[in-house]
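Notes to accompany the following structure.
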Amino acid sequence: MVETAETETLLEVSNIEVIYNHVILVLKGVSLKVPKGGITALLGGNGAGKTTTLKAISNLLHSERGAVTKGSIHYRGERVQELSPEALVKRGVIQVMEGRHCFEHLTIEENLMTGAYTRSASKGAVSADLEMVYTYFPRLRERRKSQAGYTSGGEQQMCAIGRALMSRPETILLDEPSMGLAPQLVEEIFGIVRDLNAREGVSFLLAEQNTNVALRFAHHGYILESGRVVMEGPAQDLRENPDVKEFYLGVSDEGRKSFRDVRSYRRRKRWLA
Amino acid sequence: MLYREAGDFKTTYAADSQTFPIAFDRWRYWAVLAVAWLVIPFVIDDYWANAILVPFLIYSIAAIGLNILTGYCGQVSLGTGGFMAVGAYSVYKLMTAFPDVSMLIHVVLAGFITAAVGAAFGLPSLRIKGFYLAVATLAAQFFLVWLFNKVPWFYNYSASGQISAPERFVGGIAVTGAGTAPAAQYLICLFFVTLCALLARNLTRGSVGRKWMAIRDMDIAAEIIGVNPLTAKLSAFAVSSFFIGIAGALFFAVYLGAVEVGEAFGIQKSFLVLFMCIIGGLGSIFGSFAGAAFLVLLPVALKVLGVDLLGWPSSTVAHLQLVAVGALIMFFLIKEPHGLAQLWRIAKEKLRLWPFPY
Amino acid sequence: MKDTAAPYVTTDGRQIGDVLMDMRGITLRFGGVEAIKNISFDIREGEIRAIIGPNGAGKSSMLNVISGFYNPQEGEVWFRGEKRPAMKPFQVARLGIARTFQNIALFDGMSVLDNIMTGRLTHMKTGMLSQMIWKGRAEREEVENRAVVERIIDFLEIQAIRKTPVGRLPYGLKKRVELARALAAEPKLLLLDEPMAGMNVEEKEDMSRFILDVNDEFGTTIALIEHDMGVVMDLSDRVVVMDYGRKIGDGTPSEVRNNQEVIDAYLGVAHD
Amino acid sequence: ELVVPDLSYRTGPYAANGTPFSDGYQDYLNLLNARDGGIGGEMIRINECETAYNTEKGVECYEATKGDSPLIYEPLSTGITYQLIPKVSADGIPMHTLGYGRTSAAAGETFPWIFNYPATYWDAASVAINYLLSENNDDLSGKKIALIYHNSAYGKEPIRTLEALASKHGFTLSQLPVDPPGQEQKSQWLQIRRERPDYVIMWGWGVQNQVAIQEAANVGFPMDHFIGNWWAGAEPDVMPAGMAADGYKALNMNRVQDYPVLKEIQAQVIDAGNGAGDGSNVGQVLYIRGMYNAMLTAEAIAKAQELAGTSQITAAQMRAGMEALEITNARMAELGMEGIGPEFKVSCQNHSGSGEGLVQQWNAAEKKWVPLTDFITPDKSVIDPLIAEDAAAYAAENNITPGCL
Amino acid sequence: MSADILYTFEVVINGLMSGVLYALVALGFVLIFKASGIFNYAQGVMALFAALTLVGIMEGQVPFAHVINATFGTDIHTFGWTVPALLGIALTLVVMIVFAWMVHTFVFRHLVGQEPIILFMATIGLAYFLEGVGDLMWGSDIKTLDVGIPQGGSLWVENISAHLGGDDFYGFFIDKLDITASIVAAILVAGLIVFAQYTKQGRAMRAVADDHQAALSVGISLNFIWVLVWSLAGMVALVAGVMWGAKSGVQFSLSLIALKALPVLMLGGFTSIPGAIVGGLIIGVGEKLFEYTVGPMVGGATENWFAYVLALIFLVFRPQGLFGERIIERV
């Protein structure tokens, strides 16, 4: 695994607070760093605030009536909180949103082309990239002419990732890529993430529920709970941590336990109430 | 904690599903009713009745009706004017055909007739959704207006095609016609408002209301969990039209006294009532009242301000009034897209949290 | 081939009941696309039946056929020993089939309680008129059904969010509310479309517990789509595997797990 | 102080027609204030209220202004008139509808509070037919006349009379309704083009008039066989069509020419900065009609003051003044508007005056309306029975025993 | 051929031509709806405003003259110059772009993500506002708009077709204005289709329509796209305003043509540019033919409602309109 301490920090989030609708406080001081060329995982249960963190970074909160009220976000040392989303995309940060969000009425290929919107690259370069996306996701090539609204969940997920790649990003914020995908595909998509990271040098900030897989592929991890970071460290260490093992990986000392044995079991202790 | 719900415990489910679960709200509600019924009738004068209170009450009924269809069942309708016309012409035909029957009965019957017509025009809603439906309801709007304008039977063959309300009574007191006392006008409208608000509240808190809301929020899912979209949508159209029909009947018989269909029940009326629902808050009965009050008072207030206080020429004021109404509507929608009712809710929430901001 | 005489014992020893639902030769097309190609399988009373397969295999479409949202071009659906005619979804719901959705389909404008109450709609019969009057029949019915719903709320441990609008809930809780809504209908057959997608292990464990309890305590038959093989293997009695609209496997979890075709098409590697 | 409400419309689809009328109306009353110190020593206060030609707003205006002890209502809208008839009757405030409104209100015994002098719509219909008779050697038999009308209470008013006249004179009448506002009239004009009626009569208002004139020009209908009523014969109606409108004819109840009084208004009202508008409308057809209307009102006030023996009259006294109103050529000349309208006399039995109207023609090159005829008398033998019948029906419906107040 | 058939045919042709004029208004709706889900009721008032502005500029009127005069007691009306039509049109376009920017910046940017009905209501508010501003700015009297478009029946068409029928057939009537309008509409539609389907901005526009959030996430500037479509809609409004204004003078009623465009939209589909044209043609022919054949039997003036009923009938068979995007219903 890459040693993260020495590499340059691309993205730095320090102590941000996010409030929705002026009244709902969701993030209560989250800090994290994304190093250049690394895969950083953001883990945590439902409603922990992973999506909110990513949206805060990519400035998509505004349209959901949310706002960052405290703290700061820096990208390459530049304060980016006040930038518009497209300015951020131009700087190389792009988000793949949770729940796919393809443009339903556009074809798969048109969807991909919108990814190149901010680029002023030549037609040739864009079609070369399109080719690249198709090599990563051959399934998309088959369905290039279908309306995205009618493709299956997995195909939409690929389309969303492919679309992000078309902007030639430096950092991708990936929100729950594994949700609803078949196990084989999950492996495949994470494989592609690793490939992109290794070959094209793209950095990733990855929000995931599927701790197991995420920690297998990531270099560094943060665990978020009720809007606070409760644990961080190199992925390796997290995987070894007994608490993480029990709560997030579902394995105890006796090995993986069957879902049938959960019968009379109640919620266990939490780090934070 | 200026406003509390803690400590206000419910011991039965019935108590929990009452209209105002919080005691404070309940008291305020009774107080408003008492003033409306016991104080205002004795102090009301012609100006207040005709320029403010009677239109406010009638529009409230219409707004409640439309709110049931649009706010609760999610079917946008621009046919309100047309349906009000059905109510008006029904009550006119009934009044002239059966002069001795009480107006209360005529108005309710007009409501039922409108409900039937409304349900018929609701049929396309099974196939057509969203704005397509909204525009389709314009077919009802234009067709009904044309029909009442064209078929002489509806206006009793009068030379001009207008209808005018003869004097009719409730329990010996005139409620229509030129000689009606303002208090009588006010009280008959108040009676129907109270009735309609009560019915609407009962319908929306039980299973019928939940069917409507399910259809509104996601019609496919609603159908899959067992809501028959046909009956749900048609019942919403019927109930909504029932209220709108009553509003139309009162509007013609009690408020205007004479009506030319294209003018009084044109498309502008449909927009106006829809505005009331939206500014007040979709899916809220309180909102219907708030919206009606807002849009009845706004022009009056602007006129008082512009002409009477500032002394501008009335044409400039009329133009400025358009500008102001338009700007205020946009401003409101930007400030609070969910209407006055939501503002009220947020205010209550703030009070509850007070002195903490969140 | 179908043995309708109870009891039926699966190869790994679970005893399950009669055939409740029987899909015979279902074919479903969308324009040119054949989403389901001549698939037959059955669901027996009291069992947990899993449907698995790669994305786009046609699993959700199959569930949609069962719940009447799609009408298959070919094939027959038999329910409780009778051939089910072409029906509208709400009629199917009244037969006692309830479901949850892959992309949560809650009614965002309503509170959790109201959402779950909509699950009772098939049981609430008072007419419009008594509703208008409220006092009397309508109120009585409301209270009775509320009691049922409160039991389910207790069971799923969502008391605290009873009055919250569902729009604000986090994903995991939404899934649970959706389950509650389906349970409120007291269905014979419960269809779950990826109930655990987007959940972490702990939440999956909770969900598993609910599913098992529902199955045991209420004897509800469950058909379930899920991508987490751990869950599928542990919970289900029998598994149907689909791929590109075809059925490529059907049997107990252990049988399916070792089926080479299934491994190739779906699992990738043999699961532990 | 004499309170005179002005229910005007300066916004909405009919603003272009409502504005000059209201300007003329107010400017004349302001002239009286400035020049004579009001009427009989009592200043006039104009209480303007915007109706946008919308009946509901009209009623609102009525309710909002009636607490001010107004003397008279003149709503300039047939729709509003119908709404107000029962209300003013109950409240005891006279209403004057100058050549619009409910024709049968001419029967003053049934409608004691309503006046529609100097003429009614039915008079207008008859004047138009009489004019055509004079053009055709008093013989219209076998001719085809088309009526293109505003599909509203206003537009429907002349139908009864025209039908009666058609059977009397043996012409055929075809009816073409146009839904307001009347932007699209292609179907109607294609029909006219195909049927080639000898004459087209128009009962239009607002944009309907402009479109009709343009379409008539487009399909090549001879303009001088196209006659509008007096609400379809002002500058805004013909100007948009430009030269194509040349030769179009219209009725008028007030002759348009350069009256001395206009100069006084210019000098004492507009130049003094008290004009209701910016002065650009002075001299237009509707401006003059508004002014004519104001003159009739002022004369009635003066009459009422004379009868009541006091300058601060009440609405009921005003009504008496109106019922005793007599307009003579001499008086009109004295007021600086010689020949502006017909001579007439109001009585309890007849609230509608003489019913005379003239025909004018548009000269597009000079942008001027030119009077073609003198005042033409309508065929009262046809109209009076119709009025009696309609008034009797109204009386029966509303339990009114006709009689003089 | 008998004259009756020929006259019916004439009605059909004229219906087609009217349809084109309706479609011109509908196009503006489609553009905005496609890109922002806003059902822009103000489109009609925009046409009026554009036409008013054009006349005002061409005649050198002082904007807000009435208000200025009323406030300061001055007496100014015109600058005393006139501007040629083409320059006037160009200047009006600039005004419409400024207008687009203002509408977006002050109103719709704050309403992003709201339900369609809220947006719709906001556009009605905008319609009131703009109507009032138009009146204040340019006055409410009727104005003549003359940019040199020929008008009146085409004699050429009439003459060469007159011999088709007998003595009682006078040849086909086609208005020269309508012919011009058809040509302009054809060019406009072709241009807009190319824009929407084949350019980067067009694709971005459709993307924005589908999913605001996702569009933001790939770096599409919503502000830019929306100002762009409002400007385009303003341009279409200007064209519509010029055509309708030449027909009936520039005055308030011009804004009511929005009501003629709604059934067209409904029939053609809210999101389809070609749909607006085809819808316009069908509505134009349908309502004229109905008025011509059935109208006299039922007392006429059927056009208003018949257009809606016709559209409704189509919708029952195709709920998304003829060319509208299929409504994706999946669970």
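As written, the chain order gives the labels A, B, C, D and E, with residue 1 at the start of each chain.
Assume a contact is a pair of C-beta atoms (placed from the backbone, for glycine too) under 8 Å apart; a residue touches a chain by one contact, two chains touch by 3 or more.
According to UniProt, the chain labels map to these proteins: A = Amino acid/amide ABC transporter ATP-binding protein 2, HAAT family; B = Amino acid/amide ABC transporter membrane protein 2, HAAT family; C = Amino acid/amide ABC transporter ATP-binding protein 1, HAAT family; E = Amino acid/amide ABC transporter membrane protein 1, HAAT family.
As the structure is a computational prediction, the values presented were derived from the model and not from experiment.
Path length between chain A and chain C in the chain contact graph, taken as the least number of steps between touching chains: 1.
By the document's definition of touch, common neighbours of chain B and chain D comprise E.
Among the other chains, C has the CA centre that is most remote from the centre of chain E.
When every chain is reduced to the mean of its CA atoms, the largest separation from chain B belongs to A. Of the two interfaces, A-E and D-E, the higher number of touching C-beta pairs belongs to D-E. Chain B has its Cα centroid 48 Å from the Cα centroid of chain A. The centroid of the Cα atoms in chain D and the matching centroid in chain E are 35 Å apart.
With each centre defined as the average position of its C-alpha atoms, the distance from chain B to chain C rounds to 42 Å. One finds 75 Å separating the Cα centroids of chain A and chain D.
Chain contacts: chain D has residues 10-11, 19, 151, 179 touching two or more partner chains. Among the residues of chain B, those in touch with two or more other chains are 146, 149, 220-221, 224, 313, 315, 319, 321-322.
Contact of a single residue of chain A with at least two other chains is seen at positions 24, 150.
Contact residues on chain E toward chain B in their complex (touch as defined above): 39, 66-67, 70, 107, 110-111, 114-118, 120-122, 124-133, 135-136, 140, 259, 262-263, 265-266, 270, 298-299, 301-302, 304-305, 308-309, 311-312, 315-316, 319-321, 327, 329, 331.
Those residues of chain D lying in contact with chain E across their complex are 10-13, 15-16, 19, 151, 175-179, 181-184, 186-188, 190-191, 193-194, 206-207, 210-211, 214, 217-220, 236, 239-240, 242, 244, 273, 278, 280. Remark: chain C residues 67-69, 88-90, 92-94, 98-99, 101, 105-110, 114, 117-122, 124, 126, 128, 131-134, 138-139, 141-143, 146-147, 150, 181-182, 185 touch chain B in the complex. In the complex of the two chains, the chain C residues touching chain A come out as 30, 53-57, 102-103, 168-173, 194, 197-206, 208-209, 212-213, 227-231, 234-235, 266-268, 271-272. Of all residues in chain B, those touching chain C in their complex are 12-14, 16-17, 199, 202-203, 205-208, 210-211, 213-214, 216-218, 220-229, 235, 239, 283.
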